[in-house]
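Heads up, there are several structures right after this.
Look at the two complexes coming up: chain A is in both, with chain B in one and chain C in the other.
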Partner chain A sequence: MELENVNPNIYSKIDDRLITLEEEDDDVEDEFDAREIFDLIRGITDPEHPLTLEELHVLEESLIEVDNKDNIVKVLYTPTIPHCSMATLIGLSIRVKLLRCLPARFKVTVEINPGTHVSENSVNKQLADKERVAAALENVHLIKVINQCISTK
Partner chain B sequence: MGKLEHIQTLTKHVGRVWNVAWHPKGEHLASCGEDKTIRIWAKEGSKWVCKAILTDGHKRTIREIAWSPCGNYLASASFDATTSIWDKRSGEFECNTTLEGHENEVKGVAWSRSGQFMATCSRDKSVWVWEVADDDEYECAAVLNAHTQDVKKVVWHPCEDLLASASYDNTIKLFREDKSDNDWICVATLESHDSTVWSISFDKTGSHLVSGSDDKTVKIWKEYKPDNSDGIPTIGNESTWKCVCTLSGYHTRTVYDVNWCKLTGLIATACGDDIVRIFKEEENDDPNAPTYTLVNSAEKSHGQDVNCVTWNPKIPGLLASCSDDGEIKLWNFVE
Partner chain C sequence: MDETQVKITDVTNLTTDDPKFAEACSSLANSIQSEKYAITQLVQDLGPLLTNTTIADREKGTLILSLVLTHLPNNILNSTQLNFICNFYSERLNDHHQVVPAVLRGLIPIVRSENISQGLSTQLLTALFQYVPCQQQQQPDRYNIYQFIKTLLDKRKDEMKAMGLDLVYGVISAIDSERDPRNLLFLFNWLPNFVKIIELDFRPSAQDEHTITRENLADALCPCLCALPSFADLCIPLAIEKLESELYIAKLDSLNLLINGCINFPVETYKQHSSVLWSVIQKEVFTCKDRDLERRCLETLTCLFRKLSTDCSYSKQLTKDVIDTLKGNLRPDAILYIPSAKIIKSISQASSETADLIFKEISPLLINMYNITTTPSHKSIILQQLVDLTITYLTLNPGISIDDTENAKVVPSICLKAIIDAETQIRMTGITSFSHLALFISTATRRYFYDNLSALIVLKQESIVREAIISALKIYAASYYEEIQSILQNIQTNNGLESLELYLNAVGSVVGVPQLMSFSLSILVKNVFGTLDTAVVAAKILNHKLEENESIISKHLIENESIVGRIVDYFLQNINHFNIDIHCVFLESIAKILMITLRYAEETTQEALVIQQLEKIKFIKSNDLHIIILYGLLSSLRPNTNVSININEIVNLTVETSASDISNFGSELLGNIINKTVDENTLNERLNNIEMKTDIGLQHNKIKNAIKVISFTAKALAIRANSHTFKWVNKLINLSSEYLTAAKAFQIMFDDANDCLYTKNYCKKTLLYKQKFFTEVCDYLVSNYDDSKKHYLLILGHLIQNVPQNILRIELKKIIRLVLLCLSYCEESDVLFAVLTAVNVIIEDKEQLAEDFIQEFLKYYLKLATSEKSMKIRISALRGIQTYSTYPLYKLLPLKQDVLMTLSKCLDDKKRLVRKEAVEARSKWFLIDAPI
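And now, the complex of A and B:
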């Protein structure tokens, strides 16, 4: 298969989270924060490259919002090029990873960073349609590809 | 202000429950979902219990189920691209017919009031009308390719053989048979929603339709017949359907289902914010601009998204709902 983006920009990974004493204290309830969500999904790999979504700057901690009170997680991702045909697959991988990791109480929204993809609206609509997502996850071939992408190295 | 009293929670399904459907006599409830099974529930003493489990009918998620008007058959629509017909005349449910034709996921199935027709809809963007012959034969009467995106739901008019469909293309379409050449034609396209229309439901007489959408609104549509006294223009012999009321600001996420009670006139909605809401039309309002008010307190009804709500056809106020959390809940609405 021909690569769409032969030579993507590669960025360095951020340092590991510093664990505070308070976080180690079991009596203190740790709420989910953007960094924790980022840590869950930063290792997802691009379907085209053996690189992580963090290294490609598809995912950035600053584009993740968490609302613990209303149980909302919102992730914006930036495709490496505006006509990336893998955009839906990447979004689906992020969605599946969070679906499997987060408590069911969370309502997860995964959308394209506004203005970074030519089919932004149609990709967002597909990713928000849980029926389409459910059907896609029953597709043996597709789930195999997704599982490969989200099996963190 | 009314109250939705919780009666009982039915927990047997594994994973998301997509749909619940009352038998026309109101004594049985069927449910289906991600676990590829159909469960039949009935009351034993004061409790609802699972009476039967129908397995091996489908290879993938069962999205929707529908009882035939006579109550002898149950149709199931599945992501495996087929629709199965279960026959319970022998006392046991037997799957004797599997309808193929759709290219991919079948998302909805509905029987016409007369029992003469059945309709299915799919991600392949088409709506199929099946003619039901006396000897359990189902013949494809029409393949309707009017929608430009996947079709989420089909429902029939409560008295006539008029079919309505809701789609990912943000529209609702109405179809009926042109008696002159037996062709099924699209007679109306209802446009007003800004995103996917997930569900639609007619009122008792079929002169109104309610729709629920991903745009977080619920809309009420009214039929204006040719030569109506309100002066609404119509084309040919076809009615004009107009949106006369938009309920916005109530639902905070996608509205997955709407159901208009044929007994009480109450509208129930199922929402992605985990809440079941009940709406009631104000008395003495303007029929051309009706007012609907929320009549229950919007409390969490389920642990996750509510996918379906349905009023019992015989017992006023009895409501069933189901959710992504795997649960089915029975409610009694009291005013």
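And now, the complex of A and C:
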């Protein structure tokens, strides 16, 4: 298969999160924050390249919002090129990864960073539609690709 | 004649399997050699057998003749006899297949004979090709055939050449489809004269003792393929085809072929295929994820361009083309930057011309890019590449100095600028790069660097920069030691202890350079005997350096610095200023300096030095600190030295002291002494002494100290496998029902951190003492455990903490019940953690027991992961659950849903670090039996 984007720019990865004293203290409660969500999904790989979404700047920490009290997580992602046909698949991978790795109390929204993709609305709509997501996950071929993307680090 | 007549019947009456058969044949050969018996007579005597209608008899007759021939020297048969024998053998090749092996054995000695006339070898070989289908014979017979052909080619080369195509056809049909590895190996080694590409399809069988691996075969085949220049036209397209395949091994083999081909193949063929080769290898480097394959590709490129550089103008043009192709990728944020940079580096290493061309073309680009880039990580990658190319350029063009070329001249100054950059990473790269250039830098430029270096040495820096500085210092010291000595001498350390420490560290780092050792040690020692503050810093560094290079430095310290006496004097002078709580590390350092320097002295020197020092310190007997200096002086004594030791004094001080550090030193020293006491009576006396004092200590609230002494005594005895061991261990087991520290003492049994009980200190260590000790204690615990003895679980936990994994594995089956009980009852989080860590390793190694008890382990693990108070334990349990996800599917599937359900609770753990592990575990369990 011909690659859509042959020589994408890669960016350096951020360092691993430094472990603070509070995090090592048994008595302090650590709340979920944007960095934690980012750490969950930054290792997802691109379906086209053996690169992580972080290295391609598809995901950025600044585009993640977390509200602990109201149990809301919102993730925006930026496809590498505006007509990227993989955008839905990438979004789906992020959703599935969060579905498996976050406590059930959170309501998760995954959307394209506004203005970065030609068919932004339709992709967002698909990702927000629970039934369509569930149906997509029934598809063996699709879940295979998604499992591959989210399993490698 | 009668005598020999008897002999021939002797042989013919034996069966061919009889061990005496070969012997009898050899004695027949001897009689022919000593002319008691003629070969013609032998043939005549064998006549009835050779012409017999029974196949077995014919085989036997032929075998006798063949074996006799084998044992005869090369020159004994004349040409008439050989003529006759050859004719006979040529005919026999057409005999029944059962007779053929015996015939084959006779062929080699015949053609080895010196008097064989022209044409006979050809006759034999033609008969062989005509009548004997080689691949239908058994392996040893095939081997004989190959040997025969090889001998013919060695001995009768011209005659063989005259056979022309018949020979080639015959040999090829003989070896075609050979599958036995032993024969293949023989053929590959021989075939460079005579090549045929053989399709390799071979897997070594596991049972074969003399396994020949696929690599052996491939390695042996490669020289065959590259043997003659004319093979190039076939081999290179083959290599290209294999390189384009998906198979990893095929790729590696073809790269090997291309590299080896560079020796013999004509440059013209490489030229003809160069553009295809370049594009295939380039593609491979850009896409491959395997380090080895990438390295091999790059090596191939180097060899290829080296080969091509014999044609200067062609190689220049190709290199230019390559540079033009790759230039576009040289943006540090592009994904292809790193592989492109690697390719350029490899090609520049090919020859002085490519290095020259690439350096001139690429370096301005890199310099420019370096100046306009702002991201530190990108800047350092560019600088590294620039320095790599400069080094290659200067190494391959030895006539050129770095100041001769415009572009090379600026490289050192770029590095010097980088050294003072604000960004850590750039500073580090600057220093490292400059040290790589060490051999090429002019004296004047080095001076600039030294100015910077002397400032940097005493300046506190990030650890990566500091490491770079020290390694640069070492590299320059190796080449320019006088210059480094002079800069180190002139550095001022006025800014307090921190800069002194940095300075001494730098001075210590060059101790490994032989010319600087004396200088470096003299500065360190001077500071050890300075004020107390400088001594604290210097002693730590000196001790560290001693540990790195014990024998040489300690010899120097005793001979040139009389260190032992000086340390004791210094200690006595300052004893009132020492406070064990503040100066513990310092006191430990000087005790260890004493211990290590004395360790390498001869017995008599040790004796003289130690007795002299003991005399000096006897005035401070009542002082606790006395123990520390004794620790330094006595620990490394050789066992037979005649130094009287007052054990009473040491036990008293150790048990009575209120400082726990002193009791540590004391207990270790006591262990050391007990271990090295050779005489049985003295040992008993000393043990009684210790027992008495510790009993008193236990009654008088010196429990911790007493337990420490008991545990080190037990350890010292266990190490030398003494019969008293278990008595002392029993003491500890009983004490642990009351005191936690006694259970904890079992940790030290396998802890190798106690330097004092090293074999280096001449302690007696028996083989497998750990295993013996562990088995004995475990047996005791397992057989005596009941519900009232929960402290046994604690002891087991502490034991497991440090026991070597292989020993634990042997005993695991026995103690698994206690381990499971420990996981469910133990409340000591340290112990629980130790047990979890040990069990985790066992789960990782996929021990059968871990698989058998998967249900039990997972049950406790999940309980610990959700409910345990300490996060350390929750994390450890989750790691175990992660590892279990790689176990056989049928074991996991029934448990999958439960595990996933329970793990979802852990996803909301209050600690982030626990959640991280829970996520990892849940992701892994989700993928069990999932399509992937």
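As a working rule, the second predicted complex is superposed on the first by the 152 of 153 C-alpha atoms of A that agree within 3 Å, B and C clash if a C-alpha of one lies under 4 Å from a C-alpha of the other, contacts with A are read in each partner's own complex, and residues count from 1 in each chain.
Everything that follows uses one rule, which is that contacts are C-beta pairs under 8 Å (C-beta built on N, C-alpha and C of every residue); 3 or more make two chains touch, one makes a residue touch a chain.
Just so it is clear, the model here is predicted, and its values are computed rather than measured.
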(message) Following the superposition defined at the top, how do chain B and chain C come out on chain A, clash or fit?
(response) fit
(request) With chain A at the apex, figure out the C-alpha centre angle toward chain B and chain C and round it to a multiple of 10 degrees. (result) 140
(message) Once chain A of both complexes is superposed, is A:105 in touch with chain B (first), chain C (second), both, or neither?
(response) both
(message) Applying the document's definition of touch, where does A:91 land relative to chain B and chain C: first, second, both, or neither?
(response) neither
(request) Identify the partner contact of A:43: answer first if only chain B is touched, second if only chain C is, both if each is, neither if none is. (result) neither
(message) For A:51 in the superposed arrangement: first (chain B), second (chain C), both or neither?
(response) second
(request) Based on the superposed arrangement, let me know which partner A:151 touches: chain B (first), chain C (second), both, or neither? (result) second
(request) See if chain A has more residues touched by chain B or by chain C, and give me that chain. (result) C
(request) Kindly classify A:131 by the partners it touches after superposition: chain B alone (first), chain C alone (second), both, or neither? (result) first
(message) What does the superposition give for the shortest Cα distance from chain B to chain C, in Å?
(response) 10
(request) Enumerate the residues of chain A that count as touching chain B in its complex and touching chain C in the other. (result) 104-105
(request) Provide the residue numbers of chain B that touch chain A in the complex, in ascending order. (result) 16, 34, 60-61, 63, 79, 104-105, 107, 123, 150, 152, 168, 195-196, 214, 253-254, 272-273, 303-305, 324-325
(message) Residue numbers of chain A touching chain C in their complex, please.
(response) 7-12, 19, 23-24, 26, 29-30, 36, 39-40, 49-51, 97, 100-105, 140, 143-144, 147-148, 150-151
(message) Per the contact definition, I'd like the list of chain C residues that touch chain A in the complex.
(response) 289, 329, 333-336, 377, 869-871, 904, 907-908, 910-913, 915-916, 919, 922-923, 926-927, 930-932
(request) Would you mind writing out the residues of chain A in touch with chain B in their complex? (result) 104-105, 107, 125, 128-132, 134-135, 138
